[in-house]
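After this come two complexes, each holding subunit A, first together with subunit B and then together with subunit C.
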Partner chain A sequence: MIAGRLLRLVVVLLVVTFLSYALLSLLPGDTVTQILGPGASEEARAQLRSELGLDDPLLVRYGVWLGDLVTGDFGTSFVSRLPVAEELAARLPVTIELLVAAQLVALGLAVPMGITAARNAGRWIDQTLTTLSFALLSTPVFVSGVLLILVFAVKWQLLPATGWTPISLDLGWNITSVVLPALTLAFAQVAVYARLLRTDLIATLQEDYITLARARGLSPRRILWRHALRPSAITLITAIGLNLGALIGGAVIVETLFGLPGIGRLIVDSIFSRDYLTVQGGVVLISAGYVLINFAVDLVYAAVDPRIRRA
Partner chain B sequence: MRRHHTRRQFTTVLAVSWIVLVILAAITADLLPLPAYDETLTGPASEGPTLAHPLGTDALGRDVASRVAYGARVSLLVGIGAVLLGLAIGAPLGILAGYRRKLTDAVIMAVNDIALAFPALVFALAVVAFAGASLRNVLIVLGVLGVPAWTRLIRGTTMAFSRREFVLAARLLGARDRRILVREILPNVAVPAASYAFIGMAVVIVAEGSLAFLGLSVQAPTPTWGGLINEGRPMLDTAPHITLAPSVVMFLTVLSFNLVGDRLRARTDVRQSGLEPVRQAPPAAAPSVHVVRQDTLLQVEEMRTHFETERGLVRAVDGVSFTLERGKTLAIVGESGSGKSMLIRSILGLLPGSGVIRSGSVYLDGENLTSYTPQEMRQVLGPRMGTVFQDPMTALNPVRTIGAQVTEPLRVHLGLDRKQARAEAIRLLAQVGLPDPVRALKRYPHELSGGMRQRVTIAMALSCDPDVLFADEPTTALDVTIQDQVLRLIHRLRQERHLAVVLVSHDLAVVRQWADEVIVMYAGKVVERGATAEIFSRTRMPYTEALLQAVPKLGDPPHHRLRVITGRPPDLAALPPGCAFQPRCPYAQERCALEAPPLEEDCACWYPLNVRESHGR
Partner chain C sequence: MIKRLTILLTAALTLVACSGPRPVATTPGAAATSTGGPAKGGKIVYGLSADANGFNPVTDQFAAQSYSMVTTIIEPLVSVDANGDWKPNLAESLTPNATYDEWTIKVRQGINFTDGLTLTGEIVKSNLEAQQKSPLTSATLQPLEGIELVDPMTVKVKLKQPWVVFPYYLAAQIGMMVPPSTLNNPLGGSRTPVGTGPYIFKEYVPDSRFVVTRNPHYWRDGLPYLDEIEFRILPDTQTRAQSLEAGSLDAIGTTRDEDLAKFGAAKDAYTIHRTQGMAVSEAMFMLNTEVAPMNDVRVRQAMAAAMDRKAIITTLRGGLTKEADSPWTKDSKWYAPGGAPHTYDLAKATSLVKEYEAEKGELKVEVLSTPDPNTMQTVELAQDMWRKAGIDVTIKQADQADLINRALTGNFTATIWTAFSSPDPDGEYIWLHQAYAKPIGAISLNFSRVKDDELSKALDVGRMNPDESARKQAYATVQKRLRDLVPYIFIDHLDTGAIITKSKLRGIGEQLLPDGEKGLPLTGSPIPYHPFSQLWVNGQ
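Now for the complex of A and B:
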């Protein structure tokens, strides 16, 4: 079973990297023109093409590129003249910290919200929380980010609007600089998680084994925490993995909005500077990371749900 | 509940109105009495809302209201276009996968899963950046990125419907695939698809906004919502309205699309948690007169459980009374839907929360349980009343070990420590005949067979040494040989522990063998009761007779036609006048349809069978 999963993982990774490579290579926006400028002679162009290996068939180019990729060579940027891998490595910790902080904030808010709503299903507090979730869900990241900046940075001047202090430099400042971006990124996720947990808990609470737990005279609190939450948590764990895609998309915006030196911002900057190797490297890194994390989620899932462990 | 309903409708109307308003603004932007979106210095720059400029002006003195209205064009065009594109590609794929299944399905879904593995927005960014930021490119990219979600949704609904009876029937009648798809499946897929179209609009509008915010959607001077928000950002401290106006409009639009989509979908939303204690109806004006018998173990008086539903009041249990002594087994029989299980749940106070009204009294050793608080009731459930349900597959928590579940009541109610509880659990599991109880403690429910699981639930029900055991169809979900073992077990434990057992069953063979007394229920009411032997040998109520006749007998000749009770079980929300069984009763006479027969001499029938002449009414 594990072997099958690993095989699947490898196939998905191959397809994902190939598509990233192929799509970005086939699109207009010619690299040669970018490097040499529009006025270059045809010979110079042809020479560069063969130097870069652009005349080879796509599959061959992909093979070479993938081979380099596996050894950690993402190529050298034509724009910054720096190895792409180094750039990505420098930016990765920022994005990871942002994503982890956002997930923690989202879960920290969503779990109590979901539980409260499910326990009081149908009552005013549930309806209020549902409305709140809906509002959060309908607020685009850049809107909530701008609003948070307006309130916390501009009006109250409690937190910085932009900028980043690395964790190695100063932990306190690092936390201050991550609060607003993480909160912004967390908002939409809060709604997703809270709604999911609520629906799932309500369904679980209608199971026979919950009624029977009540028939054994156990208190609602005990039933909720010991009996209902764990089966419901399983769905939540899957959602956390799947949501990572949306979260990474949001991270691009949040990093741009708050001026964080992360992968997302690097991709956006590289797009504008036509630095296509860096964009490609970033997209591949993110896609592969996403696939790998979902693979890990599958494994965690099996650990939490004994029914799957043996299957 | 009704008020809640109208409020929902009200918000839906608001949402639809807002969507219509935005669409109208986008269409008529040229005709509205607003300056052109690119006309500079229409007023003072960065000025807040005024009469001439309802949403103020931006840094170049352009009218914000006009720019927002024109921005709606891009958002809506991309939204509608991308949704239609996603639908146009995703729907055929989804229908194909869901209808053909097998290899087609496997291939389509494998590709779909891989497609879902891409972080969509990052990919959209890259593609738009390289292909060129234009309305067409943004629309195509967002549309294509929406395909996997569409395929998955349509496949799911198609699959659900292609198994339904009417589709199978059409297939058996030789209808061709295309005809089935067009006539039977498409109309049913339409509703979820419409719902997702609205949610998809919200998703695409946000995605387009994100691209525009990064400067990668339709290029200036054409205004876009995301672009407007980005433009206003540097002036956030001095002229926040430039950012806030498009932000609020965008938020309301996305919210409206989400709301409408959600309303279309959420027709089957469950809204009851089942953790709340039951509401006891206030005693009626004239409290029913009954004597509380101190010498009886369990006494139930005039138990009624009614549900408020959209179709009206459902009388699931309607005035049931009985008494039960220690060491006896009382069987409650009837068809499904007759109120048997609901009666048990009413007695135990385990009904879903809102919309349920319970009245009547339950006395245990003369104490009125219906006056107990939820906390007091929890001291009774477990230590004094144990419960076993029908399906052992769903009766145990799938993610907790048997040990954790069996020891829990011992620790909560009897205050045993971990070690003592474990020893007691092993003893209990051995008592119910579970082989190797020590190992069983570490197992999960799915690792045990149905019969073994039911033994575990019985052990749990008896763990705190209750006086009464409620067994709601304890063997219905089990194999016949296991059934007998479980019933023997319950009987043996009854003898050993001097229990009273309330056995709910529709299996009259079981009832005849194990029960001392029988209550026959129909449409929430007791229609006949008496000692088991009496009920079987001298049946009076025609319904009981029909139930008895429906049991296949060993003496039946081979290929003998199975007798069934004619007609359907009654609709509890719309009972016929008079006797509820009358429409199905072969003996019914005029009076039966006019007046409901009272329960007299343990039988509710105007024309009972097998009555001695002296009793003739």
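Now for the complex of A and C:
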């Protein structure tokens, strides 16, 4: 099973990296102009283009890049002239922390909301939570981010509007600098997770074994937490894995909005400056991460629901 | 559930409250007096819109935002004073020969780099030679023939032609002096800048912050005032403004008229510093004079006459900017009046379009625009104006990298553009002279590819004639030819480029140069920059 997964990962990486390499090559604009500026002479441009290997055909460039990647060399950024791996390593902790914090916030809000809505299905509280979910879902990240800054930073001055403090420098300030970005990123996920959990939980609560548990006199709380919640969480867990892509997309905006030095912002900056190797490095990292996390999600299924383990 | 959430929220807020001052960047106020005089101490956090590619003036392209960070550490040989004239900075003097094809640069005594090395003529020579070879600046330094060391503190720059304003070029990237360690290890210098400046590099986190601390051995007595500056990179204009409001920042750069209006209304809390004079860039449409239909001057004149600049300024700039009919602002000594064809005249525009269409068929124009909403609004408003004159205009979006590349190679008909903010008109030489206009497909620094003997000769006079009245006459000719030939449709002078500070932050626009002259308050576009050595925080 693991070998099959790894093989699939390699295929995914090959397809994704080739497509991104080809798409970047199709982008209009010129890496050399981005590096040298518009005032450079034609001779200087030609020399730099040759040095960077940009005169070579696409397949040759991709082949060279892939060959280097196999040996663990992600290449050197055209713009910063630093190793891409070094650039990614510096940014990765920020994005991971942001994504993990956003997931925790999303789950921390969505699970109680989903349970409350399911237990009170059809009542006013369910309808209120449903309305709130749709409001969160339909609010773009850049709008919710600006609103959160306005309320928590400008009006109440409780949290910093922007900026980033690494954990290594100060844990307290690190947490304060991640709260608003994580909340912003989590909002849309809250709605999705709460709705999924509510739907599955309502279905589970109508199963025969739940009726039997009630008949045996088990308390509603025990039925909910011990017998209904775990099997109802399968779809939610799947969504957590699949939502990683959406979260990374949102992280690009959130990192720009709040001034966080993460992977998303690095990739966007690199696309604008036509720094292809840095973009490729980011694509490899995100693709591999996406596949591996979904692999981990599959493993979690079995732990959550014994029926899957037995199957 | 609500109870648990309340506990969690309380815990989070307690954590925030107990976190103490934010590490690296704080704004605790200076050890200052409240009597109005500059006082030492204090830290500020300064919001920038973009990061730098690197901090080595020889290898990294500097945008205006890069200059804000770099000039705290690395200084140029020359500065520009409040009148727009060049003045020596690290140089003690710059003296031309009689024919202005040699400049003797004498370096000030007693200036040390923060790595301990003393600035000498030899180091100046090495820097200028490195710039001459650099692919970034070799085109600009094309008139430079060679550099000789005259004595330990003096170099002579030999030029292939007279260049009366050569020192202006030493006020920017080309004239910034770095130690041999940077020249020998460009990548190291790019990440860890070393210079003679008022501050020393402390920390750089790409896309996040750049921190500098006071240089205790700075060569100018009593400077700098601040202990520390943190530059925070915040590309989003709205969050940058909100961060200033929230107290996370002490100053921001902006180009948004709504920021000027909003913070301008709170005069007690904030101070606004706007660009003036030659530092102001111009918004315009740049036309490719080599491709149809723009190779017909009637089309260019028609588009210029159909442009209602007042409507653009009123609708999109909050009425804050001024109409432009020249690369230089009306308060500059280089400005020469003469609005036509930049005067709004729809009847004339319509007539010219009909004349063209009778001869050559339907007039269709594609205009490039970057996708950001503010720029698109300008282009869409202009599109509507041109349609009223009978011109069928389509808009094509291109990101900044694509747009610049198209401009260089001539792969465009018309494009929105911002340019012309050099302190001296000669700074625009390579963009306007026909020697830099190349055929379509080749790299052309003269993007509009305008070729005109009279225009180019006037630019040559401006470059080579030391007599100011002759130079003024030459640049009046340049402006006349630009109005006649219309390679650019000027819209307005973008003096909305501004620095907004908390009122307690003082010193912007008040700096004195080493020899006592008042310095140019703000430079660069679209968001300007300024020196930091004489900034100080007023006591609270």
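As a convention for this text, the second predicted complex is superposed on the first by the 250 of 311 C-alpha atoms of A that agree within 3 Å, B and C clash if a C-alpha of one lies under 4 Å from a C-alpha of the other, contacts with A are read in each partner's own complex, and residues count from 1 in each chain.
Just so it is clear, a residue touches a chain if its C-beta (ideal position, glycine included) is under 8 Å from a C-beta of that chain, and two chains touch if they have at least 3 such contacts.
This structure is a prediction, so every number in the text was calculated from the model and none was measured.
A.B. asks: Look at A:Leu236 in the shared chain and tell me whether it touches subunit B only, subunit C only, both, or neither; answer first, second, both or neither.
C.D. replies: neither
A.B. asks: Using the touch definition from the top, say if A:Leu48 reaches subunit B (first), subunit C (second), both or neither.
C.D. replies: second
A.B. asks: Please work out whether A:Thr162 is in contact with subunit B alone, subunit C alone, both, or neither, and reply first, second, both or neither.
C.D. replies: After superposing on A, A:Thr162 lies in contact with subunit C but is clear of subunit B.
A.B. asks: Between subunit B and subunit C, whom does A:Val254 touch in the aligned arrangement: first, second, both, or neither?
C.D. replies: neither
A.B. asks: Kindly classify A:Leu150 by the partners it touches after superposition: subunit B alone (first), subunit C alone (second), both, or neither?
C.D. replies: Once the two structures are laid over each other on A, A:Leu150 reaches both partners.
A.B. asks: Regarding the shared-chain residue A:Leu180, is it in contact with subunit B (first), subunit C (second), both, or neither?
C.D. replies: neither
A.B. asks: Quick one: name whichever of subunit B and subunit C touches more residues of subunit A.
C.D. replies: Comparing touch counts on subunit A for subunit B and subunit C gives B.
A.B. asks: Classify the contacts of A:Ala85 with the two partner chains as first (subunit B alone), second (subunit C alone), both, or neither.
C.D. replies: Neither partner.
A.B. asks: Share the list of subunit A residues that count as touching for subunit B in one structure and for subunit C in the other.
C.D. replies: The overlap between the subunit B and subunit C interfaces on subunit A comprises residues 27-29, 146, 149-150, 154, 256, 272.
A.B. asks: Over in the complex, which subunit A residues touch subunit B? Could you list them?
C.D. replies: The contact residues of subunit A facing subunit B are 12, 15-16, 19-20, 23-24, 27-29, 118-122, 127, 134-135, 137-143, 146-147, 149-150, 154, 201-203, 205-220, 222-224, 226-227, 230-231, 234, 244-246, 248-250, 252-253, 256, 264, 267-268, 271-272, 276, 279-280, 282-283, 286-287, 290-291, 294, 304-307, 310.
A.B. asks: Per the contact definition, I'd like the list of subunit B residues that touch subunit A in the complex.
C.D. replies: Its residues touching subunit A are 4, 113-114, 116-123, 125-127, 129-132, 202, 206, 209-210, 213-216, 226, 229-230, 233, 236-237, 240, 243-244, 247, 250-251, 254-255, 258-259, 262, 270-275, 345, 348, 350, 352-354, 377-383, 385-387, 389, 391, 394-400, 408-409, 412-413, 444, 446-447, 457, 460-461, 464, 470.
A.B. asks: Within the complex, which stretch of subunit A touches subunit C?
C.D. replies: The contact residues of subunit A facing subunit C are 27-30, 33-42, 44-45, 47-48, 79-82, 87, 90-91, 108, 112, 116, 145-146, 149-150, 153-154, 157-165, 169-170, 172-173, 175-176, 179, 256-261, 265-266, 269, 272-274.
A.B. asks: In their shared complex, at which residues does subunit C touch subunit A?
C.D. replies: Of all residues in subunit C, those touching subunit A are 1, 5, 8, 12-13, 15-16, 18-20, 22-25, 45, 47, 51, 53-54, 61, 135-140, 142, 187, 190-191, 205-209, 232-236, 238-240, 242-243, 245-249, 398-402, 404-408, 430, 438, 442-443, 445, 447.
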